[in-house]
Structure formats: C-alpha cells, structure tokens
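Here chain A shows up in two complexes: once beside chain B, once beside chain C.
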Partner chain A sequence: MPAEDKRVWLTIAGIVVLGICFLPLGQWLFGIRYTYTVRVVALGGAILGVISGALGCFAVLRRESLMGDALSHAALPGVAVAFLLAGRDLGFLLIGAGIASWIALRFIAALLGTTRLKQDAAMGIVLASWFAGGIALLAYIQSIPDASQAGLDRFIFGQAAAIIESDVLLISGAGAVVLLALALFWKEFKLVTFDGEFAIANGFQVGLINTLLSTLIVIAIVLGLQLAGVILMVGMLIAPGIAARQWTQKLHHTVILAAVFGAFAGGVGAVISAIDADIPTGPMIIVVAFSLVLASIALAPGRGLLWSSWRRRLDSRRFARQNALRDLYRYALSHGSPGRPAPDAFIRGIGDRSAALGLRQLLASGLVETTGDSWRLTDTGIEAARRDAHSLQLWDLYRLYADDMGLPLLAEDRQLDIRDVLPADAIGQLEAMMEQRPN
Partner chain B sequence: MMALERWLIELLLHFAARDEINVFLRSPQNTATIIGCLIAVSGALLGTFLLLRGMALTSDAISHTVLLGIVVAFLLMTDVFGMVGDTSSPWLILGASLAGVGTVVLTELLYRSGLLRQDAALGLAFPLLFAIAVILVSRFAEDVHLDEDAVLVGEIGLAWANTNSHCFDNCATVTISPDHPQAKMARQCRNCRELGISPRDEGAEFVEICSNCGSYSPAQAWQAGYLQKEPSLVFFPKSITVTLIMTALSLLLALVFYKELKLTTFDPALAKALGFRPGVMNYALMILVSLVAVGAFDAVGSILVIAFFIIPPAAAYLLSDRLAVMLLLGPLIGAAGAFFGYDLARGKFFGFIEVGDIIAGLNSLFGLDLPEQWDSSISASMVLMIFIIFTLVWVLSPRYGLISTLIRRANQRRRFDDQVVLAHIHNHQFTDRHATELRVKTLHLHFRWTGRKMGRVLARLRALGLVAVVNGLAQLTARGETQVHAFRGAMLEAHNMPDID
Partner chain C sequence: MNDRAPLALSVEDLTVAYHSKPAIWDIDLGVPEGVLMAIVGPNGAGKSTLIKAVLNLIPRAAGRVSFYGSPYEQARSLVGYVPQRGSVDWDFPTSVLDVVTMGLYGKLGWLRRPGRRERDLALFALDQVGLLDLVDRQISQLSGGQQQRAFLARALVQDAQIYFMDEPFAAVDAITERAIVKILHQLKERGKTVLVVHHDLQTVEDYFDWVTLLNVEVVASGPAAVVFSPENLQKTYGGRVSYLHDGQVLAAGD
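And now, the complex of A and B:
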C-alpha cells in the first residue's frame, strides 16, 4: 500500500477511535449522562453526518458549496406545504422539503440558462424568495387556531432533541438508498465532477448525471434538516468535505474520510450539546465540524499550514547548505585548487542569513573548516562538492540530449542529485556521453 | 439622532398638523411600508454594485455575521457595561458593522490560504458565525428582546410602537422629589430580609421611600397625569430614523462616488492604473452593506434582508444595460415590492385578488380544510412581492426576458436551418450527384433530421420563394441564389477570408 493511502486509513482509524473515546471521556469530564434520548440523537447525528459528508464532497469539488446553502433554505416552503396538506408525518414533511429544493434547483438552472445573471445572483434570489415563502407559510400556519405549528420551527434551526427512534430508522433507510446510488454511479459522478467536457465527448448523458447527483445532494440536505436546520445545513454539508479534501488527493479517500468526519461532528456535537439544555444541537454540530476543518487546514500532511511551513523550513536549510558548498567549491577552483580557503566576507556575500545557515551545517557535518576569517573545504567536503558538480554537468547534458537519447522525462530540478531521480542505466548513458565530449 | 428626528418633524409640521402626523405614523401599515421602502432603496443601491461585481452572496455572509456582531455587542452592553439593551443603539450598530466587515476580511484570509476555494470559504464562514450567534442567543440571552423569531423575520409590523417622543408645546418636564405634593411615599422594612422577620415583628426598622420619584419627560409626565395641560407631542418610530440614515448614506455614496464605483466595478485594473484605489471603494461598499444590514435587522431580520440587496438589482439588470438606469430601477422595484408586500401579508394581492379566495378555491379543489383568513409575516410578504415582480420582469423583459429570449432562440434556430438547407442545395445543384442529394423525399436523411422537420423547413423556404421543387428535386430560385451569396459574403467577411468561388 502506498504511503499516502496508509496515512489516509490511519487518519480514518484515528478519527473513529477518537469518536469512540469521546464517549467515556465526556461522561468523565462533563458529567454527560447517556440517556436514551442522547443515545438516539447522537446516533441520528452520526448517520446524518455520514450521508451529508459523503455527498457534500461532490458539492465542494464542483465549486457549488453555496448551492447547498440555497437548496437548504429553499426546503422550508416545502415543509410548510406538506404540513398543510398531510399533517405532521416526518416522511411527508421531508418529501415536501425535497420537492421544494428540487424546484429551486431547476429554477436556478432556468435563470442561468435564459438570462445573463451569474450563479451567485441566481442562488441569492432563489434562497431569499423560497425562504420568505416558507416564513410566510409558517406565519399562516401559526395563525391557524387548532393546528399548532410546534415541530415545524425545528426545521429552521434544527432541533435534534425531537428526533425519535423511528426517525433514525427512516434516515438510515433513505441514507442507505442514497449511498447505494452513489456507489452505483460512482464512475459517472467522478467523471462529471472532474471533467464534464470529456464526459460529453464520450457520450455520457451529462445533463442526466448532473441532475441525479444534484438530486442526491438535495436528499442529503433534506434528511439533515431536522438536525441542523435550513440555515446551518450548508455547514453540515460542506465542512466535512473541505476537511477531508486537505488530507488526500483521491476521490474515494475524500468521500470516505468526509463521511467519517461528518459522523464524528454529528455524534460528538450532539453529545456535547447534551451537557446543557440551553446548547442547541445543530449549531454545536456546526462548530465541531468547523473545528475539524481548522484542524485539517493546520495539520493535514502535504497541504496543511504547519506541514507546508515545516517543509519550507527544511527546504531553505537544504538550499542554504547546497549553495554554500557550491560557492566555496567554485571560488576555490577559480583560484587554483579545490582546497584553497575562501575569505569569510566573500562567502557571506551581502549578508543574507542563508550563507551563515549553510556554513553552520557544513561545519557541523565536517565538510568545511574555518580559521575565523576564511573557509576551506575538507577532503570529504571536496568529495561532496565534486559529486555535486558532476550532477550539475549531468543535468546540463540531460537538458540537451534527453529527448534524443529517449531518456525518461523529468521536471528539471538542479537542487536534486540527478543520480537519485534517474534510473541507473540512464545515468550510464549520460556519463558515456560526457566521456565522448572533449569538454 | 434625536436632533435629526426633531428637524424632520419640524419639516413635516409645515405640511400637516400634529395630530395628522401622529395618526399617520401610528398606523402599522404606514410605518411598515415606509421602513420597507427605505430598506429597499438603500439595499438596491448598494446591491446593484454587489451584483455587477459578482459579490451578490457577500451580502449573505455579511448579514449572517452582523447577527453575531449584534448578539456580542448586545451581551457586552447589557452584561458587562450594564446598559439597557437596545438594538438601535449607535454603539451596537457600529460594533455589528465592524463584525460584518470582519467577515469579508476573514473569508478573504481563508481563501488566500490557498487551501479552499472562494465559495467554500464563504459557505464555511457564515454558517459558523451564525451557529455561534445562535448558541449565544439561546444560552445567554434567553430573556431579552433578541429571540430566534426576531432574528429570522424582524418586527416590521411592530415598528410603529417603538418611538421617540418629541414635544413642541407645553413642554414641561416634571421632577418629583420626596417633598413634592404628588410624591407617593411608602414605608419599607429595611432589615426584614436580613433578620428573617416579618415587618410586624419587633426590631423591624423602617425607611420612607418614594415610589414615583424621578424626572419625567413631557410624554411620560402627561401619561402619569402630572401635567394639567396636554403637551403637544409627536411620536416618531425609531426604525424610520435608522433606516432613513442608512438610505441617505447609501444615496450619498452612490451619488458622490458614482464615477469611482463605476470604474472600479467594471474595470478594476484600469481604475488601479489611473490611481483610484479599488480596495478602498470595495471596503467602503462593504461597510455600508454592513450598516444597512444592521439597520434593517430590527425590521426584517438577518436573512430576509439579502433579498433587498439581490433581487431588485437583478430585476433591473434584466431591464437595462446602463448603470444609471439600473440604479434608478432597482430602488423603484424594491420599493414597489415593499409597498404591495404589506397588502399581501394582509391577504390582498396587488389589491385585486384576495388570498383568502385562492385558499377557498384550493379547499374546494382538493377537499382541504384550511382557514381562509390569511394573516402572515410582513417582511416575508414584502420579499415574496419583490420576487413576484422579479419573475414578471424576467418573463416579460423586452430584451433579456424569458419570452423574448425564447423567441430569439427559435428565430436563430430557424434561420440556421434555412441557411443549412440553402447551402446544401447550392453545393449540390449542377453537380452529377444532384439527383441523389437533392431528392425531396430523401433530403432529410442527408441532415439526419426527421422528415417532418425537413418538410417544415422546405415549406417555409418555398413560401419565401427561395427554393422551388422541380421533378421531385429541390432547386434554388434566383432569389435563393442571391440569398446564399449574400450569406456567404457576410460569413467570409466576418472571418476575414478571401472568396474562393
């Protein structure tokens, strides 16, 4: 298994272990009591996290993060209409929400297709109008005397405490169908996400696939509504995807990792909000999810801020050492022999810190010796400098003849020793070529 | 703010009597409509520039953070400084708009880290800030005026009741001190609670306290009955003043910096090269957007306000290509929406359709049992009305509307079909393959069209006198020939190519 894959699986395992460890830890530190309600809500949160995390990845990768915001706001009138028509059954409410979001999706597409409005404006129009429709309908429902609207409010801010066991079963069932569809159309979704034009050229029904993917995203949003609410759902949808994206370059890793992150945020957020009755669950889940994003941005290997600043530091140390060695060697050669000392002032040049950094490293590894105001390469130093110079000469030849000689093509990077990046037989060819040339 | 209100009222007093002003402003409809129109005007003015800069959803981000700013400032004011919480206090407005500008900076920073894209940075930043605000509201601010409902829809319908009183005549402020004849004195036990005894027990010590001492403004004094003569008072809703200031500032920005805003919106690079500072203009715009979002918060809440920023300018954008016209149309559309929106909330649709009748129709159609009394949220209805106007504009706009676009596209498709068929006939007639290529019965096969479509196109071309059918073969008429040549010439010229014919 390649190193990157191993790292991703390790991260996934780490998050799962962390999530499981949090349960007793929370009990011990905050005195959370895992009553039946807390267990149901945490389970529901975790399952919703898996669904929205997995599908949110696609929203993030297709640069449609804000579409999630528009579609989740747009679900509200559907909830209200479904309530008016069919009463309080959760299944009907969710179907209504889905239909409203889906109409919003098509409306945005129609606006984009027939006017010169840009995507952000179209989404803003639909978001605000559908939401206003929902609010107006809710106000109307509130004015109906005997049909108390209690329970619809929870779709605005989310109210996890209202989740009961049958809801969790419904969510799991619908989620399983969504994830199954994701698995079945994996190849198509991957293709339209990364290269839509290529997909069109190869005869895929891109419009149909896009609609299917958007529909799945709508379902994920709708399922999450009662937990996170229409306003915050977008965070639940995209935060796990953004966090997961920092850790890996592969789609299937991103999706699995996002699902795990989502489950962690949903479960842990629900548990934390059980500390105090005044902490709303949905917003707490969003805060946990955002902490995961922050942690990923800071820590993720390869892309993370800590990682890249550490790599920059290592690189600048390595370049300083290499440049100091090259400068010393060149000075010595041009003044007679490789062992000639070079004056301190010359090597330090115009006083940039990197010369001192390089000399310090060379001194520590015994490649140079100093008398205080001059620097001289030791025998091992001369050997190292020769190898380096040889590598540079080979790089020169590689640049000129690589194509003719049919050598493997690389990005030219003279900081590296060419013998580390080219296969041995290619080096042999280059060295033979160097022998032939009369300098 | 008080001085401004006073000046305004004095201005109004030139046109109307005091009682008329009071009656006018005490009507919820008048006050709500005025506030709605003012928000619509300021929102549309700023929103036009946001829309043209492709930053429409930035107003969404700002309005969400403004909530956090308001909540934090509110909690600081009440809990830390012990002031009376008031969402139209200038300190609160200042703090909240700083928070709004802060989000824009924060999103920019997230985006510049290079690890996530702009839409993701926006989509991440505002749910988070909103979530924190909601946690703070429900955790710490339960018993204050800031509840979740107000956050969502505002209280534009109650704006008339939250007033400042201004006195113009018989303005006596009354100070009641303990020796005033109307002072109400009461005995209170000083040490009962400490000692845990009842006032009747022995050892209880009493103090005289005055229950109604203090200074009274003319309005309060009249209400409490301390004045013989009624002071002439005008009650002015606070929200009107706040939104009026926001509108004036937006107008000022749009008028004074019209040139700068126009240049930095359409060509930031040129603006920079000419020595204007696009960044400064951008931040000025963001500050004003935050100010308007805060000012509108009381009236329409923190989410519906984005409709006032985005929808009217979008409608204006479908009507005109000129910035100045857009700046005129946008506020008009928004204000119209606010005006008719109030009626919609009370069940009247543009004054001629009753929502109740529609509900009755639905009831009888689907066998439902919904009450026909439609009484809904005012701010949401205003947004719905703006959206309805937008939809009308979208469908009907002469140049960029749905109908005209569809007609234009159908025409283009027809012209294209005509040209293709004419070119095909031109290319094949007088060649030795013309008998196979131009046979009318099989002509559609060469285009992979259906026979019906070919029939339609041919019928049209024959009716226009461009094509004739001789012995079952299609031929160009003389007019058809000239048409093809004219078209070829235009094409070659457009692509700058020599004619090879």
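And now, the complex of A and C:
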C-alpha cells in the first residue's frame, strides 16, 4: 500500500479511536450520564455527520459551499407548508423541506441560465427570500391556537433533544439510500465535478448528473435540519469536507475521511452538549467540526501549515548548502585550483544570510574548512563540487539533445543530481556525448 | 479541397453570439480526414468558441455540424477533446492516472467502473506523453506542461477519429511542446484528424499541414502551403502582422 494511503487509513482509525475513547473520558471528566436520550441524540448526530460529511465534500469541491447555506435556509418555508398540510409527522416535514429546498435549487439554476446574475447574487436573493417566507409562515402557524405547541422553530437553530428513536431510523434509512446513490454514480459525479465541459463533450448528460448530485446534497441537508437547524446546517455540510481535504490527495479518501470527521463531530458534539442542559447541541456539533478544520489546516501532512513551513525551511537549507558549494568551487577554479581558499567577505557577500546557512552545513559535513576569514573546500568538498558541476553539464546536454537522442522526457530540476533521475543507459549516452564535444 | 478523402468535419453556416454580438459568424468549413489543422487568428477571433460550438458545449445561434456525415449526437465516440488547461481546478483531489482514466468513462457507460483494462490503456497513453513516472502524483504537483500532457493523454485514451485541442501549446515548456508535436504526428500517421487552436504563427508551417485563418469569419481555410500567405495573414490580423526578411511572420505583441 502506498505511504499516502496508509497515512489516510491511519488518520481514519485514529479519529474512530479518539471518538470511542471520548465516551468513557466524558463520563470521567465531565460526569456525563449516558441516558437513553443522550445515546439516541449522539447516534443520530454521528449518522447525520456521515451523510452530510460525505455529500458535503462535493459541495466544497464544486465551490458550492455557500450553495449549501442557501439550500438549507430555503428549506424553512417547506417545513411550514408541510405542517399546515399534513401535521407534525417528521417524515412529512422533511419532505416539505426537501421540496422547498429543491425548488430553490432549480430557481437559482434558472436565474443563472437565463439572466446575467452571478451565482453569489442569485444564491443570496433566494436564501433571503425563501427564509423570509419561512419565518412569516412560522409566525402565522404560532398564531393558530392548536398549532402553537408544534415547536417548528426548532428547525431554525436545531434542537437535538427532540430527536427520538424513530427519527434516527428515518435518518439512517434515507441516508443509506443517499450513500448508495453516491456509490453507484461515483464515476459520473467525479467526472462532472472535475471537468464538466469534458463530460459534456463525452456525451454524459451533465445536466441530469448535476441535478442528481444536487438532489442528494439537498437530502443530506434536509436530514440534518432537526439537529443543526437551517442556519447552522451549512457548517455540518462543509466543515468535514474542508478538514478531510487537508489530509488526502484522492477523492474517495476525502469522502471517507469527511464521513468519519462528520461522525466524530456529530457524535462528540452531541455528547459534550449533554454535560449541561443549557449547551445547545447543534452549535456544539459545529464547534467540534470547526475544531477539526482548524486542527487539519494546522497539522495535516503535505498541506498543513506546520508541514509546509517545515518544508520551506528544509528547502532553503538545501538550496543554501548547494549554492555555497557552487560559489566556493567557482571562485576557487577562477583563481587557479579547486583547493584555493575564498575570502570570507567575498563568499558571504554573494548570498548574505543564506551563505552563512550554507557554509555552516558544509562545515558540519566536512566539505569545507575555515581559517576564520577564508573558506576552502576539503578533498571531499572538491569531490562533491565536481560531481555537482558534472551533473550541471549533463543537464545542459540533456536540454540540448534529449529529444534527438530519444531520452526519457523529464521536468528539469537542476537542484537534483541528474544521475539520480535518469536511467543509467541515458546517463551513459550523455557522458559519451560530452566526451565527443571539445570543451 | 481534397476531393478523394472524406470530410472528417463539415461545418455549415455556424454562428454563435454572446449577448447579440456575434463571436463567430457564418462559418463554413470542410476538414478532410487525416489533416493536422491549425486554427489561427487574433485574440477574440472566436477560435475557442468555434471548437466549443462544434462540440455542442455552447449554444449555437445557427448552423449545422457533422462528423463523417453524422450529427454530433451520433458521432460522440469519434470525437476527442483537449480543453484549455485553465478550465479545471488542478487542486482537485485526484491522481494523474485517474484523470487520464476519465477519458474512458464515456465508453464505460452508467454504473460500470474502470478496471484493469482501463488502467492499462491509461498507462499506455501516459507512456506516450512521457508521464509514466508521475502516474500516482496528485495533479496539482504537476508543472503546467505536465498538466497539458495529462490532458493530452486523457484524449488519447478516447481513441477518437477526430481530435479538438484548445491551445495545447499555450505556456508550456520545450519538452512538452516537443512531446505534443510528436503525438500530433503519430495521430496523423494513424489517419486521425486533429484541429488545434494555435497562437504561435512561427510554428504553424512546421507543425501543421492544414490551416484555417479565423477572425470571427473564416478568412481562408486549406493546405498550409496555399493558405498561410502574407496576404491572408494581413486579412486576418489587419496591420498587426510584421514580416521578417526570410518570409517568416510575426504577430505583433507576441
């Protein structure tokens, strides 16, 4: 298994273990009691996290993160209308939410297709107007005597305590269908997300595939509304995907990791909110999810801030060392022989701080010796400088003749020894070429 | 025009307008099978628009297009496409091999997943463009030229009859340029037809045997030796072309 795959699976395992360990830890540290309600809510949160994390990846990759926000806000009037038509059954409320959200999706698409509105403007106007409609309808419902206890306002900020076992079953069933669809149309979703134009040119029905993917995202949003609410749902949708993207370079890893991050945020966030009845669950879940984002941006290998600043440091050390070696060698050769010392002021004058950095490294590895005010290559230093100079000459020849000689095509990187990147027979050809040429 | 070879692409009366301003106007074009054709013209002449309209990627105001006598819907498997490199997000989490495999998705159809055979085809194409060492790289780690070659490999696996390439030579390194030229000639040897949006007037005659000069309308189209003349270039570019002594041409601003 390639190193990167291993790292990703390790990360996934780490998060799972961390999540499981949190349960006894929470009991011990905060005195959380895992009552039936807490267990149901935590399970519901974790399952929702899986669904919204997996689908949210696509929203993030399509640069439609804020589309998720618009669609979740747009669900509110659907909840209200469904209540007026069918009562407080959660299934109907969510279907209503989904329909309102889906109409908003198509309306935004229609605005973009027929007018010169930009996407942010179209989304903004739909978000505000649908949400306003929803608030107005909720106010109306509150005024109906029988309905005032319906508790529909829980859909605005989310109210986890209201989740019961049958809700978790409903969410799991719908979520399983969504994830199955994601698996079945994986190849199509990947293609249209990466390069929609190429997909059209290849005969894919890109409009249909996009609508299907957006519909799945709408379903994921709607399933989470009861827990996170229309305002915060976008966080649950996109945070796991943003965090996961930092750790991997492959789409399926990103999606799996986002699902695991989502489950962690949903489950752990719900458990933390059980510490005190005053801690709201939805916001707590988002806080946990955001912590995952922060930790990922800081720590992830490859893309993380720590990692990249470390790599920059290593690079500048390497470049400084190489430059100092080349400078010394060039100076010595132009003054007679490779062992000739160069004055300190001269060699530092060329590269200032980086020269000092390079000279220190050369000194430590015994390639140079110093008298304090001059620097001189040792025998091993001369050998290393010669090898480097030879590599540079071969690079010159490679640039000139690689094509004529049918050598493998490489991106030139003159910081590397060409003998490390080209096969031996190609080096042999270049060496032969060098001998033929009068110098 | 060459009467013996069948027309790989035939375009009649094609017009595309953006906000009622025509981007290309009344294009008539017949491209014989097996030619390497450069589409040349100044910025804003509608070169990319022409390709996109032919491939149904943007709506046409008028016109008919046929590939080997069939409309696009029935000829999709004959057509390969190399979009401009800047048209996608190269930070997308996917590998070079994966991108090239995408060229085969169309043939797989719904629900089927790429397998061993697709992998081998993709690796073969990557070898042709000299990227075999980089198959597992994440695509953002490629240089611009390597990205262009990955796109080229993705089109090669399509095993199409007629290829459309949108500025493949734009801002690429010398190695990539040579790799693309090599591929173009291999495609020609295999009887494929290739249409390339091209910017560099210097290399037109070296790389291509057929030329279409475009500036909203078609100024001239035919064998490079006939069509690529100072008069026609002047008609295409207006006064913005300067001529060097030895017959070389240079577009001002290059």
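The rule we apply is simple: the second predicted complex is superposed on the first by the 435 of 439 C-alpha atoms of A that agree within 3 Å, B and C clash if a C-alpha of one lies under 4 Å from a C-alpha of the other, contacts with A are read in each partner's own complex, and residues count from 1 in each chain.
Here is the rule we use: a contact is a pair of C-beta atoms (placed from the backbone, for glycine too) under 8 Å apart; a residue touches a chain by one contact, two chains touch by 3 or more.
Here the structure is a predicted model, which means the values were calculated and not measured.
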Exercise. Just chain B (first), just chain C (second), both, or neither: which does A:K190 touch?
Worked result: second
Exercise. If you stack the two complexes on chain A, which partner ends up touching A:A426: first (chain B), second (chain C), both, or neither?
Worked result: neither
Exercise. Who does A:L117 touch here: chain B (first), chain C (second), both, or neither?
Worked result: first
Problem set entry | More chain A residues in contact [chain B versus chain C] | B
Problem set entry | Touching partner for A:I108 - first (chain B), second (chain C), both, neither | neither
Problem set entry | Touching partner for A:V234 - first (chain B), second (chain C), both, neither | first
For this session: Using the touch definition from the top, say if A:I125 reaches chain B (first), chain C (second), both or neither.
Result: first
Exercise. Given the touch rule stated above, what does A:T248 touch, chain B (first), chain C (second), both, or neither?
Worked result: second
Exercise. So, A:A263: does it touch chain B (first), chain C (second), both, or neither?
Worked result: neither
Exercise. For A:I279, is the partner it touches chain B (first), chain C (second), both, or none of the two (neither)?
Worked result: first
Problem set entry | Set intersection of chain A contacts, chain C complex versus chain B complex | 63, 116, 245
For this session: Give every residue of chain B touching chain A within the complex, in rising order.
Result: 51, 54-57, 59-60, 113, 115-117, 119-120, 122-124, 127-128, 130-132, 134-135, 138-139, 142, 148, 152-153, 303-304, 306-307, 309-311, 314, 317-318, 345, 366, 368, 370-371, 373-377, 379-381, 383-384, 386-387, 390, 394, 400, 402, 405-406
Exercise. Which residues of chain A touch chain C in their complex?
Worked result: 2, 61, 63, 116, 184-188, 190-191, 193-195, 197-204, 245, 248-251, 253-254, 399, 402-403, 408-412
Problem set entry | Contact footprint of chain B on chain A as seen in their complex | 60, 63-66, 68-69, 73, 84-85, 111, 114-118, 120-121, 123-125, 127-129, 131-133, 135-140, 143-145, 156-157, 231-236, 238-239, 242, 245-246, 276, 278-280, 282-284, 286-287, 290, 293, 297, 303-305
Exercise. Tell me, which parts of chain C touch chain A in their complex?
Worked result: 19, 52, 55-57, 76-77, 79, 81, 83, 87-89, 92-95, 98-99, 102-103, 105-106, 108, 110-111, 113-114, 130, 133, 136, 138, 143, 145-146, 154, 158, 173-175, 178-179
